[in-house]
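You will see two complexes here that share chain A, one where it goes with chain B and one where it goes with chain C.
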Partner chain A sequence: MKIWKKVDKTQQFLCVIILVYIIVVSMRNAQFLTLTTLFNLVRSSAGTTILSMGVLVIMIAGGIDVSFPAVAIFGGYTSLRICMAYGIESLFVTFAISILIGVVLGVVNALLINMLKLEPFIITLSTASVYFGLMTILVGTKNVGASDLPAQFKMLSSAKLITTTNAYGGTIGLSVFIIPVVLCVVATWFLLNKTLIGKGIFAMGCNNEAARRAGFNVNLLRIFIFGYSGVLAGIMGVIYIAGTNSVNPVSLVGTEMSVIACVVIGGAAPQGGYGKIFGTLLGVILYYLFNQTLIYLGLSASWQDFFMGIVLLFSIISTSYQRRLKDRKNFIFTE
Partner chain B sequence: MKHKKVLAVLLTVAMAASVAACGGGGSDTNASSDAAENTTDAQADTTGAGDAADASSDTTTDATGGKDAEFTIALCAKTEGIAWFDDMRTGVDEFNADHADVYAYEINPEGSDAAKQNAMLEDLISQGVDAICCVPVDAQAVAATLQKARDAGIVVVTHEASDILGSVDYDLEAFDNDYFGTLYGQYLAEAMGGEGQYYAAVGGLGMTTHMQWFNSMVNYLKENHPNMELVNPDGTPGEDDNNEQTAYDLAVQAIAAYPELKGLVDCAASSNGMALALEEQGRTDIKLVGLATPSQGGAYIKSGTQYRGLCWRPADAGYTACEIAYKILKGEEITEETSFTKEGYETITIDGNLISGNAPLVFTPENVDDYPF
Partner chain C sequence: MTNANHIVVAEHICKSYVGVQALDDVSIRIKEGEIKCLAGENGCGKSTFVKIIAGVESCTSGTIQINGKNLTKHTAKDAIDEGIQVIFQDLSLFDSMSVADNIAMNKLIKEGKPFTHKKEIEKIAQDALSLIGVEMPLDTQVKELSIANRQIIAICRALALDAKLLFMDEPTTALTKNEVDSLLDIVLGLKKRNIAVVFISHKLDEVMRIADSITVIRDGHKIGDFSADELDPKKLAFYMTGREVNYQKYERGYEDQQNVLEVKHLSKKGNYQDISLSVRKGDILGLTGLLGAGRTELALSVFGLNKPDSGEIYFEGNKVEINSPEDAIDLGIGLVPEEREAQGLFLKKSVNENVAAAILKRLKGFMGNIDSNGSRTLSKEAIEQFRIKVYSEDTIISTLSGGNRQKALIARWAASKPKLFILDNPTVGIDIGSKAEIYEYIQQFAKDGIGVIIISDEVEEIVSNCNRVVVMFNGEVVKEYTEEEMQVPNIRQQINELVESGKITEEGGQQA
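Take a look at the complex of A and B:
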């Protein structure tokens, strides 16, 4: 029970919801409780999990980023087209190109914010359009189907770690997507909890001016944070394409709010200074759990929005209530 | 302060460059060279977006494709940069080449943006083109603008917009949508041997044509193949948002939730997501029929994972839309006897001002490589 005490109330609340929901669904349809469901959950949520780590870091630092889907597809799709044009079949190069583009675009975001001293929301809202438009002009948005996809994408799409063969001769297994996901989560955890940069990120989110006076170079920190988020977006871009073994570059745009919702559900404070990796993971799991159980429950897709909205609301209430209790304990009365 | 000046200059240049790129959409060399000229003007004049917009409208007014054309026909489709509307452009260009007295071209907004499409249509009206062909992003959203064009004496022909017939001269459909829906049913029944459970999805419950296809398929199967059972709860189709990942997830769930499942239908062009799920799980016993384009779904149709892909040829639809507008401009009356050039449109049916061809395209492993979209 030590671990249970360690996580905050919002996360406990999410754990309970997830458990109850799983029980309800499996009572409705026993087919739900299979390894296939779990493997598919991991595979489908991989991209969102990686993006959510970037959003979490930026949100803790008191900012918000809505340009990451544009950055991700810019990186992933451009990398794909370069690989197609030059016949590159190295997975390493594919990721490297995508990550490089991600870093550049992320750093541009940070530089604009630093130079103009404007809200990150407004800057990233505009850069999202600029990036996507730029990609459309430079690279185009032509769909690429499974037959034209370079070998490394196909390999990434079908490679599995633990496999079993089903009755039909197909292989069911844990997608290799789990590797980049675990790497990104661990790296983010290390960054936030074990480095001075992490302390700076939390300090910035609590009070930017105080962090600056305490000796943190907030402008440099911001460049680092957005660059890091760009790295994650770059990784996600490649995973996203491999995920469907084809790409329609338009379909990722507009998904930013669901990722942000996952992070907020996980208990991160939108005003900055607070956020937990475990909570964010729970938020992502919940989102995909709702998404992936509609058929088992026999519900239409609008129910997912409904569930998500309700949980988001409760989660925000819970987080702010906890904060108020804590403030009172410390004799801070702001209302 | 220095930074801000640099930034202002950068923004201006970026804006001018993007305007040039939009103008270039006319896809003939004259139009793009005009656009280049206008770009230099726009760069010299840094007053901003208003002038830039003017520059873009100049671009298309001046451009008559180097022809002494009597009529100008502009086709404004949903979005730039995707294979579907690129193929449509080849049809429009072909029409342009076939007719000496017409200058026909295609321009599209970026990113399926209804507001941008409206702005482009407004531009076309003020330029005074003779006819506008439109494939609306959102039919209701452009209805008023199209009506305005007609009030200005411009001929308006739409494609895939049978729900705003009141605001257009004619709407062109590649086929009768109810008939197209029965095709899903026919091929699914053929593949499943006329019995078993099937699960169906559409892009979204609000998508008019998808729902029409779905309903007509279900009715067809009910009447002709009573041993086939739709497993969808309440008979409501699943929604995949035209997104391959969502289609994949739906298929994985449906396969697991209904162990007896033998058929899958996706009325959205993202059916290759479902095919991927079938391929991974080795479920050759489950038959998939879906809307598909060769570039997206070709691999699975060729390998047999997807039994049939249904579609229509965008180039032919674009060509025929221009042809309808052209005939009206020439003062010809359009009746059921009117014959159009492209295959599938030689004979048409007319219901009010809704023109339907008979041009469904069915992809099989043998023919799927023949199409470039």
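Take a look at the complex of A and C:
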């Protein structure tokens, strides 16, 4: 129970919801509680998990980014087209191109915020359009079918880390997507909890001016944070392309809000200064549980938005209610 | 000229900004282990001096020696390296981060190691805390702590960097009496460790009493160094403002004996019990006691923000139910809250909009539109009447000084022509000059027949302005002074002793 006490209320709340949901669904449908479901969940949630780490870091620093799907698809799709054009089959080069584009676009976001002293939301809302538009002009938005994908993408898509047989004798396996996911999560955890930069990220999210006075270079920190988020977006871009059967570069745009929702559900403070990796992971897990398994309850996937909305609403209400109770105790009346 | 015992020797410091001479030939020496108070009105240059010593700004001319080194044009980093730390009034803490992180942060940055270890951070924090003999849970978030404990964290953060000289900007403003006492104990402990502390203040309070010397600055000039027993509030006020500041003692001269407000047996669990009191037209009723005595809670109940459990409220003789601030305003009750920035003012709006805020109903035209000319005329009048120092009525209110903001807030309620006016600690953080003016306005309101309630910790404020006083402890009225009793010459001492005695009985229970 020591661990239970270490996690905050939001995380406890999410654990309970997830547990209850799993119990309810397994009682309704025996096929749910199988490795197949778990493996599918890991594969389908890989991209969102990686993106959510970037969103988490930016949100803790007191900012917000809505341009990351555009950055991810810019990186991934450009990398794909370059590889196709030049016949590159190296996985390393594929990732390198995508990550490089991600870093550049992320740093541009940070530089614009630093120079113009404007809200990150407004800046990234504009750059999201600019980046996507730029990609459309430079690279195009041609659909690429699965059979046309270069070898390294096909390999990434089908390679399994471990394989086993299911109840019907078929082979199932855990996608290699788990490797970049684990790497990104561990790296983000290390960054936030074990480095001076991590302390600076929390500090600037709590109180930007105080962080400056304490001796942090907040502009440099912002460049780092958005650059880091760009790296994650670049990695996600490649995985996203490998994960879909037919690459339609338009489809990723517009998914930013669901990723942000996962992070907020996970307990990160939208005003900055607070956020937990474990909470964010729980948020993503919940999202994909709804996304993938509502069908076991006989509900269509369109119920997912509804349930996510309810959970989000509930967690916002409970935090704001707790804050109001505390304020009342201190005689602060802000209606 | 150099003295081994001096941490800072600042000679003939001048600082001018474009067109403004902020400091003119100010020489100040700070010894090791000395407790010094830097006193002066807002804008007198005391903060500028601190900024120059801390290396945040550089002086136009003059010399500064720190620890015997000539460091006239030094940077903030130089100052920190020499052990100079400033605790700003806002404390600059990171609310969502842990106690340990907050204390260790500056040291971590200074050392610049790229990786951090939780154990190391906790050790830095624990060492600093044990230096002043305070226990605190290291992984609690700072936002869960009281202001007093936050101050302790700010002190520890400075100690973690081996501070030799600590500047503290108005450290006692938000503290209760008990908390001030523990802060003073800590400061005396620092003195024993040969750490110098400089308070920046404009109030002759406990802080000044433990100071070895008090340096007064006025309009950028140093007036002199004094010891605490050389000064009394009057003298200090004279040195700080350059003029005799006399608070007119208020006497009620109103014929009409009708009660504006009467509360009978008002109770709210955990806040106050069985409170009965009344305010007549032209009364200025003082509510004093200790912070947490239930005074503010009672005032909020009258203003409709903190519903009482039982008891009755009569307004102008009629029994009323006040369920919201709207009800209170409709009856004619005005409230100037203690936290004027957070609860009273629209900081990003103009003086005009702030002044007109309580009478929008009156300014409302036929279609619900606001009569902007009417509001403008009104705020122009208010600026003139209350001598608010401001360029125009369109100036954003957050650019004004504390005293002028408070005047604007008082002007707002004056415009609403209240029948009962409640002011919660109306002069906290306000310099002496504006204070005298605010007292003048309050007394004028009462002379015009408004019933006034002043909640205050300052006995001086209560005695000069109130014709009747109620003392509260732990949510109960322990003593009521009538008009006749308030005429006794040693009334100030009497009230002071009563409040002090309450402090003793509350100790232990209150200590955080």
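One rule holds for everything that comes next: the second predicted complex is superposed on the first by the 307 of 335 C-alpha atoms of A that agree within 3 Å, B and C clash if a C-alpha of one lies under 4 Å from a C-alpha of the other, contacts with A are read in each partner's own complex, and residues count from 1 in each chain.
Just so we're on the same page, a residue touches a chain if its C-beta (ideal position, glycine included) is under 8 Å from a C-beta of that chain, and two chains touch if they have at least 3 such contacts.
No experiment lies behind these values; they were computed from the predicted model shown.
Visitor: Determine, for the superposed arrangement built on chain A, whether chain B and chain C clash or fit.
Guide: Chain B and chain C fit side by side in the superposed model.
Visitor: A:251 in the overlay: touching chain B, chain C, both, or neither? Say first, second, both or neither.
Guide: In the superposition, A:251 contacts chain B only.
Visitor: In the overlay, answer first, second, both or neither for which of chain B and chain C A:199 touches.
Guide: Touch partner of A:199: chain C, not chain B.
Visitor: Is A:21 touching the first partner chain B, the second partner chain C, both, or neither of them?
Guide: After superposing on A, A:21 lies clear of both chain B and chain C.
Visitor: Spot which of chain B and chain C makes contact with more residues of chain A, would you?
Guide: Comparing chain B with chain C, the partner touching more chain A residues is B.
Visitor: So, A:148: does it touch chain B (first), chain C (second), both, or neither?
Guide: A:148: touches chain B, not chain C.
Visitor: Upon superposition of the two complexes, what minimum C-alpha distance (Å) separates chain B from chain C?
Guide: So the smallest C-alpha to C-alpha spacing between these two chains is 21 Å.
Visitor: For chain A, which residues belong to both interfaces, chain B and chain C?
Guide: Comparing the two interfaces on chain A, one with chain B and one with chain C, no residues are shared.
Visitor: Quick one: in the complex, what on chain B touches chain A?
Guide: Residues in contact with chain A: 3-4, 7, 14, 18, 21, 79-83, 86, 110-112, 199, 205, 233-234, 236, 238-239, 241-245, 248-250, 252-254, 256-257, 259, 270, 272-273, 276, 279-285, 293-300, 302.
Visitor: Using the touch definition from the top, list the residues of chain A that touch chain B in their complex.
Guide: The contact residues of chain A facing chain B are 29, 31-32, 34, 36-37, 40, 44, 115-116, 130, 132-133, 136-137, 140-148, 157-158, 166, 168-172, 240, 243-246, 248, 250-251, 253, 291-296, 298-301.
Visitor: Quick one: in the complex, what on chain A touches chain C?
Guide: Residues of chain A touching chain C: 194-199, 202-203, 205-207, 209-211, 213-216, 269, 273-274, 331-334.
Visitor: Report the residues of chain C in contact with chain A in the complex, numbered from low to high.
Guide: Interface residues on chain C, with respect to chain A: 77, 88, 90, 92-97, 101, 105-106, 108-110, 112-117, 296-297, 300, 305-306, 339, 342-343.
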